[in-house]
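What follows is a set of structures to go through.
The two complexes that follow have chain A in common; it is paired with chain B in the first and with chain C in the second.
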Partner chain A sequence: MDRVKVISNRFFLPGLLLFILILLTTMPLFVQPYVVILLTTIIMYIILTLSWSIFSGPTRYISLASAAFFGVGVYVSAMLGQVLPLPVVIAVGGLVSLMLALFIGLLTLRLRGMYFIIFTFGVSELIRHFLLWWETNFTGTVGRWVVAVDHTTVYYVMLIIFMMALLAAYLVRRSKFGLALQSIGEYEEAAVHIGINVTILKTLTFALSAFFMGAAGAIMATRWTYIDPQIAFNPLFSFMPVLMAIFGGIGQLYGPVLGATIFALLEEVLTTEFPYYYMLLFGIILIAVILFLPGGLVGLIQRWRRGGLEG
Partner chain B sequence: MRLLEGEKVTKNFGGLTAVHNVDFDINQGEIVGLIGPNGAGKTTLFNLISGALPATGGEIRYKDERITSLKPNKICKKGIARTFQLIKLFANMKVFENVFLASLFGVSTETNKSNAKKESEELLEFVGLSAVKTTAAKDLTLANQKRLEVARALATRPELLLLDELMAGLNPTEVAQAMELVTRIRDKGITVFMIEHVMKAIMSVCNRIMVLDHGVKIAEGTPGEITTNKKVIEVYLGED
Partner chain C sequence: MGGIYALIAVGLSLQYGVGRVLNISHGEFIMIGAFATFSLYTVFGISPLVSLVICGPVLFIIGFLIHRTLFQYLRGTSESEGAFADSSLLASFGLLFIIQNIALIIWKADIRGYSYLDSSVSIFGALFSANRLVALLFAVGISLAFYLFLTRARLGKAIRAAAEDPGTAQVMGVNIHRVLAICFGLGALMAGFAGVLISMMYEMQPTMGLEYTIIAIIVVVLGGLGSITGSLIGGFILGLIGSIVTYFDAGLSLIAYYVIFILLLLVRPTGIFGK
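After this line comes the complex of A and B, so read on.
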């Protein structure tokens, strides 16, 4: 019995992943453009949540700088979209965000708890207001046009970034650095005393997570075609990954993915079906999850599986 | 051979001088005790040695190399490990993972996972925690948590081990076991510098004892000398 179970488990997960992958890759061939666009948005949220959780999950440093990294990607795309080919634009978007994260990391990762949260939020807001001020006073126009790319291409690029982020998250988790990041979240002072260079580890992981956010921003800009600082650096892009990760559960890799998917779908359904009560319903659901599912959806699944095994 | 030495080591917290012009040295193979009343600056001195706090003045040398301004992770790799008075384990991680991490990151030479795994298993055996290695650290008894702190520190392959009140809060049986553990650590060739309040323990295992009071070193000597030292009796042991 045990043997059968082990074998089926071993093939179940990769099999499921492969199935989802094939489904996602072939999706644009047989669904309406609306669904492709919806999926693009969902995958964008998954990328933000997943990369947020690469750093903030194990270390418990709650970052609210996601909007800064995403927005920088958006702006890079708007500025370079006309002169450089798309893959280069996306790579540059990711790299500029990575550099920004290195800089912010070296400045702020000495801060802990509430101070770190507020500082990262402040950085996003600072960039947003700075750009607004700059555009108002120097370029003369607020906002920019972005070279449009067709929906299917945007979808596939987003999918590729997602798979890269998933692979990165997986590799970090199973490496010795994943364990070290977890020890930082448990007791940073002890971690540094057993020889872990916490400053470098935190900064590099923070930068890695920013890369995917920037890349996602760069491709998303081409779908929006018009952007301005309010759109690109919308504080929602900082809060959503945190909420989605908590909703899904941070303990497992699939938690943020599941959380972002269901959260984004829920948002879509609620805004289209109940446009007037959307925010109210959304809030109620969120509160219910936080109150009754402290481990998120992952916690629920684990509880159910344990219960299933006993019964 | 002299392993660690401090010269006029000083630490101020604002107007408060926690450690004042303290000179000390630790020789290889010794067990040195550090005693003193609460607030005497014992843990602060440990924090200065391990790099948890920067010194305000003075110099600490390890194997004739200045380590005063180094970060704790660097000092750990040089060969100084420590435990904490208030236990600082990775509470939600497994007992094995606590030691494994130290074994992976704390050593000065490159190591690989299978080596680190083997060493961690051996150390858990050494401190007597093999049976609970898959338990979460937070679920251990106090005595076992203290053993785990020791195993984690040893996993960084130190030459000098700083033990901060290893025996506080333990019952007499556990204290005896802890004393035996300290001597076994010394027998491995590791030098021990320990803060302790349990007098019986410190008197019987230490070669030498240093006494701090209000951040100043007031006495130093063999356990016999310390128990008869007038100054020590006055400030520390009391005459009640």
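After this line comes the complex of A and C, so read on.
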């Protein structure tokens, strides 16, 4: 019984993955532009959620700084978009976010639990308000224009970043690195005692996750064409990944991906179908999930699978 | 402003320090208080000071019921304290969306305001606007009354006991679920009071809640997580700093809050009065 399951899994999962990837790559050829734009947004959320869970999943340090990293990417794109080619802009966006994460990581080493959550949120809000103040007082204009890129290119770039993030998340999980992160989440003191350099590990992983967020921000800016600090550093970009990851379930790699996809789709449907009530419905769904699906969608799937095997 | 910050922060501190619910929807209760006052004043001509007595208890009951149903259930199903803190944080986000949307349906997205006691009063040669003075007096009065309640009344002692150690408090005969629900209700009540007072001075809109929640979180950290006295004093300190910074450049006040907040977290994460 077990062997059958292992074999079928070995072929089934990569096959499914390959199928989805091929489908996603060829998608722009046969669907309407609207779908491509929608998919871009969904993939953006997946990237944010996935990279959030690279760090926060195993370590259980809930970071609310996603908006900061995303926004930094957006602003790099706005400032360098005219002078540098697109791939360089995206790489720089990712790298600047990475540096910021290294800096925040080194600062916050002593903080844990609720303090870490509040601190990361404070940092991203500080950047937002500072930029807002700076732009009104020194630049004179609150917003900026970004060089526009056509939808299909944005889509493909987003898809590439997504694959890179997925690969990184997978490798981190499978490596010694990921195991060490897991042990930090389980019991940090013990992790220190068995010789894990907790500080460097946490900071590096935090930086890695920030890189993808920054890159996603840099490409997203070109789709928005107009940005200001309120758009780029919107606190929702900090909250959404957390909600989506928990909605999907943090335990498995596909949890955040699934959570982000369904959540983003749900948001799209609710905003278009019920523009006046969508937040209400959204809130109700959120509370219902927390009450009745504590393990997220992954928990539900696992329970269903186990039930299926027993029956 | 300091007095109002203190009120908001004490409310959040009650909910977090005692009930372990970091209530992100705290600001929404402020918003409801402000809008309810606005409607009562413009439609029925009821004075905002009378609204205090109406909004407070109503919000208390709403808060009490929310805790009794939602958070008590979550508390029962969560494996650990940490898991409960996470899931209640998320649930309060859900509440935020729901309350804000209901407010948007009732009051629309416009910025509202009314004028009440819009004259200025001179004290020792300095000019103050009357509504701010009244708000300050009420904020200080409510804070003092609440402080006395916590230290002197039987229920206040039960609340403090529950904050120290819920398990032991329960063994000692404190009905923990009731006390926690009362704390949550009191938090909503404080937010409602603050909302009523804010509506006398500032304009309002249904999305204003989150900003106040964030200020409340800053104040609570400033005073020390879980310390209610700390939140009271922290509120006044932050209000004072805010006024000084606003005097130089109004745009910088929020930035100043965050800088103070981040420095504080780095230097002394337990807050000024934390253990």
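A few points about this structure:
The working rule: the second predicted complex is superposed on the first by the 306 of 311 C-alpha atoms of A that agree within 3 Å, B and C clash if a C-alpha of one lies under 4 Å from a C-alpha of the other, contacts with A are read in each partner's own complex, and residues count from 1 in each chain.
Following the convention adopted for this analysis, a contact is a pair of C-beta atoms (placed from the backbone, for glycine too) under 8 Å apart; a residue touches a chain by one contact, two chains touch by 3 or more.
Model, not experiment: these values are computed from the prediction.
Of the two partner chains, chain C is the only one that A:Y277 touches; chain B does not reach it.
In the superposition on chain A, contact of A:L179 is made with chain B only, not with chain C.
Of the two partner chains placed by the overlay, only chain B lies in contact with A:I194; chain C stays clear of it. Of the two partner chains, neither chain B nor chain C is touched by A:E268. With both structures placed on the common chain, the touch criterion links A:T136 to chain C but leaves chain B unconnected.
In the superposition on chain A, the chain among chain B and chain C reaching more residues of chain A is C. In the superposed model, A:D150 lies in contact with neither chain B nor chain C. In the superposition on chain A, no residue of chain A contacts both chain B and chain C.
Taken in their complex, chain A has these residues touching chain C: 60, 62, 107, 110-111, 113-115, 118-119, 121-123, 125-126, 129-130, 132-133, 136-137, 235, 239, 242-243, 246, 276-280, 282-284, 286-287, 290-291, 294. For chain B in complex with chain A, the residues that touch the partner chain are 50, 52, 71-73, 76-77, 81-82, 84, 88-93, 97, 100-102, 104-107, 113, 152-153, 155-156.
Only residues 176, 179-180, 182-183, 186-187, 189-198 of chain A touch chain B when the two sit together in their complex.
If you check the complex, the residues on chain C that touch chain A are 22, 70, 73-74, 77-78, 82, 85-87, 90-91, 93-98, 100-102, 104-105, 210, 214, 217-218, 221, 225, 251-252, 254-255, 258-259, 261-262, 265-266, 269.
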